[in-house]
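Shown below is the structure under consideration.
Each chain gets a letter, A, B, C and D, in the order it is written, and its residues are counted from 1.
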Amino acid sequence: MIKVGIVGGTGYTGVELLRLLAQHPQVELCVITSRADQGMSVSQMFPSLRGYVDLRFTHQDEAHLDQCDLVFFATPNGIAMNHARTLLDAGVRIIDLAADFRIQDVAVWEKWYGMSHACPDLISEAIYGLPEINREQIKQARLVANPGCYPTAVQLGFLPLLESGIVDCSSLIADAKSGVSGAGRKAEVGIMFSEAADNFKAYGVSGHRHLPEISQGLARVAQQKIGLTFVPHLTPMIRGIHATLYARIVCDTDLQALYEQRYANETFVDVMPAGSHPETRTVRGANCCRIAVHRPQQGNTVVVLSVIDNLVKGAAGQAVQNMNIMFGLRETTALTSIPLLP
Amino acid sequence: MIKVGIVGGTGYTGVELLRLLAQHPQVELCVITSRADQGMSVSQMFPSLRGYVDLRFTHQDEAHLDQCDLVFFATPNGIAMNHARTLLDAGVRIIDLAADFRIQDVAVWEKWYGMSHACPDLISEAIYGLPEINREQIKQARLVANPGCYPTAVQLGFLPLLESGIVDCSSLIADAKSGVSGAGRKAEVGIMFSEAADNFKAYGVSGHRHLPEISQGLARVAQQKIGLTFVPHLTPMIRGIHATLYARIVCDTDLQALYEQRYANETFVDVMPAGSHPETRTVRGANCCRIAVHRPQQGNTVVVLSVIDNLVKGAAGQAVQNMNIMFGLRETTALTSIPLLP
Amino acid sequence: MIKVGIVGGTGYTGVELLRLLAQHPQVELCVITSRADQGMSVSQMFPSLRGYVDLRFTHQDEAHLDQCDLVFFATPNGIAMNHARTLLDAGVRIIDLAADFRIQDVAVWEKWYGMSHACPDLISEAIYGLPEINREQIKQARLVANPGCYPTAVQLGFLPLLESGIVDCSSLIADAKSGVSGAGRKAEVGIMFSEAADNFKAYGVSGHRHLPEISQGLARVAQQKIGLTFVPHLTPMIRGIHATLYARIVCDTDLQALYEQRYANETFVDVMPAGSHPETRTVRGANCCRIAVHRPQQGNTVVVLSVIDNLVKGAAGQAVQNMNIMFGLRETTALTSIPLLP
Amino acid sequence: MIKVGIVGGTGYTGVELLRLLAQHPQVELCVITSRADQGMSVSQMFPSLRGYVDLRFTHQDEAHLDQCDLVFFATPNGIAMNHARTLLDAGVRIIDLAADFRIQDVAVWEKWYGMSHACPDLISEAIYGLPEINREQIKQARLVANPGCYPTAVQLGFLPLLESGIVDCSSLIADAKSGVSGAGRKAEVGIMFSEAADNFKAYGVSGHRHLPEISQGLARVAQQKIGLTFVPHLTPMIRGIHATLYARIVCDTDLQALYEQRYANETFVDVMPAGSHPETRTVRGANCCRIAVHRPQQGNTVVVLSVIDNLVKGAAGQAVQNMNIMFGLRETTALTSIPLLP
């Protein structure tokens, strides 16, 4: 059994980790921490877990995380970097669901996240946890930077185009729409029901933190600098991301075959039949990215539609997938539940 | 392996049965029928099932249902009664998710459902599939009438009060609120998004078909005639029923203890701590009824809050629970997935 | 022109007052205050008001409220009571949209609101601003306590029954459902989109602050003590209250005629045809209470369905209606916009 | 008073026309037709209109439309073209809210709409009713083709860029998101609540009927052929369109000033301050298009955000605006109500 600890379990990625790990046959949930709610039982805060999770929130100082085999950080940005060194030294492996180790260029990270990095030396060791690109490296990793939700949907959608070099990398466009849970569980006016329901808006057009993460990932597979316009939007649903991706084709190919071949061996990426329009609800609660590729009017613009559940393939599910890979388990363990539709 | 057939698989109870049965270790899904969509693959209609269900819809005439061990009818009212005799004679057991066999008094049934009953002689054999009341009879049943969604939430909520005889049975009130999926998947103006979203209304105040079903069930446990006012409402959510129940206390007792004891051995009924307010989302996707019991201002009115997922404990989940009981399996098999929250 | 000030204009009742008053032909909007957002332009916070409201939020200390003819308090409970005396002494009339002056018994108020009342001597002068009961007194009032949202829907629904004495006053039940905007615009976890959407729950079953307000109002018209069970629920819509009211009939009468006659001269109460089910969206944005009265199965329980827009007839609209009455204007001035459907 | 008739008043554009026209001081609503619901009172179908509209639906054959000054067609595509000639000959002016007269090239129209055009000779007379482009021609028009909802949002957003010739016209991208009311009030499975809620999807990526309409309009202002990729999406809200527009800048300019100047005299187009993100709810119920223009990271891609209420500026409101222009009224008459927020 893998002894698992979760730091910061009161947010949406935390409760989603609990949902997935509580039924994982190889995992022993040892400890979950929360400063604000220490002492409260997990199932009091999340009654959906009554009968499944019997833990109470512990203060991090009393959590004995060093006795875990693996610690998930489901914390705000800037927390994991303060604890990573100590835990790694104690032989504990780490998956950070926040952004602390996602960007290799520390100056870029510090600019976008507005703080100094507490352990820049660990950044180069950290493996970016997108298994469809980095599976081999993840196996050996001590420290995995779990990708952001937008970056997962956008990268998986663009990947076959950039790897094959058939599009103009200088003018990529990612128009992405997220459900409100992507904004987390911290009370803020803009994500209150009466503000976000029956409403649609873009945000962060001048620059969103996921832009450098996506650019870094795409540049790596394209093996060149890329130009990306990334516009995130808030849509009135709880879970789900829909990325609509645009690129200019510079070299003809069978797009449908390209995508099917690229993902033929990827359990968690589903290339839909030609002409499909994936709906976010078809991945609700599941560790799955569904993709369709279109070429409207046979013009030179390719349109890729890529959907995930932001809390699963975009966060907790991908983290469990990474854990399975790190510990030599079957990659699908505890990740086979069917999406909830309707 | 239990060979299972589903008649009428294109509605919400049908797709929910598929979700649950596709991962049931003792079930072999043999056939699923649909007149309108025969030939179409199930996963084309419901992409959430891609990779999990590999069947196509078959016309019922070609479905060889008589080779199944069990057939679920996920059809509109008035279908199962035309096929039950033939299937039973062929040794096939039946669970009807519609209302054909729920009401013992055929005249009452014909009045509320507006049609003649095609096989009234089978009604008395049919077992009402509420395991928390009829578990022993369900074990031996050939024909199970799976309860309605409102009736499940309301009966489980009232049960301890009526069994213990501590309330006035002549003035019960059930104010029930349902998500829109309870109205089914047939296109009708009133349940379109633009009509049902951001809106709340009562309906059927003069009389709803679930009234005689609830009354019959409550009268049986109360062992007397009961007077019930039942008002259903439509609320803008997909899944979930919240029943708010009112009764006048005629005999003092410890209500919390009464409920906890009654359901102590029921896996799928969760009596919450005193003072709780169960939310429908805490049972989303799960075969669970959560109940809280209140006595406001220590007056003589008891208020019971009872929530279920109408498609699970209110339909497909309860049907699978009944199947497990009928076939001697562990009652929780394939019914342990954790509710999806948020 | 009536010189109007608004204290606390950043909440939902504030912006709704602005929407209504900006197009009121007899009103000059002089000042609107906010401590937290002083200096910000109103239309920056609420872009829906761009081109209609040209004010900035002012700190209350610099607001010169004493130069207004009328001040609306759209503040949390406990604010108006600290300023009422000074303003009244300066000749300014007041409409308080909060609860400070709604309860005549100061001990009851202090118990339910958890604070000492700052000017108990003004309570007896305050007129409860439900025009359908108190129109004559409102005309002369200096200080109007604008009713709560639930109390408006519940009282207007019960009124004809209690005035006519045909129901048992000791066992009234009000099962009320509110949209989320009723909880205000203060960021709290429970009313975030991802918590409140696709979910339904009761709250405050043990006791809600609107209970004593409703009881006081109903007792006054019934001219006797009443027994009321009041259960509020949160439903995933922005605006709207649906109250489902139950009472036991003790004296036969033509219920439809009773309601139609009682409200024949009330512009803002619409008694629907027999058999109707009013929907909350049919009053969205309008100062209207729609009511239907039912007697299911001709039993002895009467069921009344009463819907309002909680921000209009349940708050800002009713406040403007009261202002119109107080200043001798036509009661419908600025209150005739048609509900927004769909 | 202008004598107005409405053909096809049971859809969403119909009820929205009624809402706007019922309070128009220069309009006498003479007749409203519906084949399916003739004889029913309008306020029975739409209780929001109780007290405001006293008409019943009339069969078109008995509607005496030739006695009107103006007839609105709020019908499906392909209806107005069968009646236009007769009405025009009788001296009646026409505003068609459907697509019959929007496309000047009849072959293109017939290809996209899948039917023969019944009166191609009238197409060239028809004026495209986008006042911000065609105001002068609308004044004299007998026959106005009211623009589609997507085309309104997209054209108003692109207009300043194309008129000024500062972008590459060959690679325009319009990523548009619509509320569900845009799909009309006809019952179809895909727009039922349980299908469309908590879900997001693209549709019609291979080609949507609004594509040729937008292309025609943009080409006219650009005075050259344009290349446009148009991807519509369905988002779970009732009203609202959010168009996110992308173009490649080929000539530097002050974008904010460009937009502000272009729309300085347009009452119904609101250019927001630099850095804004217009929300669809800020135009809910109002005849307004709010626009913000961005240039992320000072790159060569301009991003325009354009929002409208699809039923108002995208349909009925624009139709009333056109009527006001045609009849020499103040353009804002009956179009000044403030958006409903929240």
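Simple rule for what comes next: contacts are C-beta pairs under 8 Å (C-beta built on N, C-alpha and C of every residue); 3 or more make two chains touch, one makes a residue touch a chain.
The structure presented is a predicted model; accordingly, all values stated were derived computationally and were not measured.
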(request) Please work out which of B-C and C-D is bridged by more C-beta pairs in contact, and write that pair. (result) B-C
(message) Taking the mean of the C-alpha atoms as each chain's centre, how many Å separate chain C from chain D?
(response) 37
(request) Report the inter-chain centroid distance for chain B and chain D in whole angstrom, where each centroid is the mean of the CA atoms. (result) 45
(request) Between chain B and chain C, tell me the centre distance in angstrom, where each centre is the average of that chain's C-alpha atoms. (result) 39
(request) Give the residues of chain B that touch two or more other chains, as numbers and ranges in rising order. (result) 12, 179, 181, 194-195, 197-198, 236-239, 278-279, 281, 284, 342
(request) Quick one: label the inter-chain contact graph as line, ring, star, complete or other. (result) complete
(request) Write out the stretch or stretches of chain B touching chain C in their complex. (result) 171, 173, 175, 177, 179, 194-195, 197-203, 205-207, 227, 229-231, 233, 235-240, 242, 244, 246, 248, 275, 277-281, 284, 294, 296-297, 299, 301, 303, 305, 307, 342
(request) Report the residues of chain B in contact with chain D in the complex, numbered from low to high. (result) 12, 179-181, 185, 187-189, 191-198, 236-238
(request) Using the touch rule from the top, collect the residues of chain C that touch chain D in their complex. (result) 12, 15, 19, 22-23, 46-52, 181, 197-198, 238-239, 270, 272, 276, 278-279, 281-286, 290, 336-342
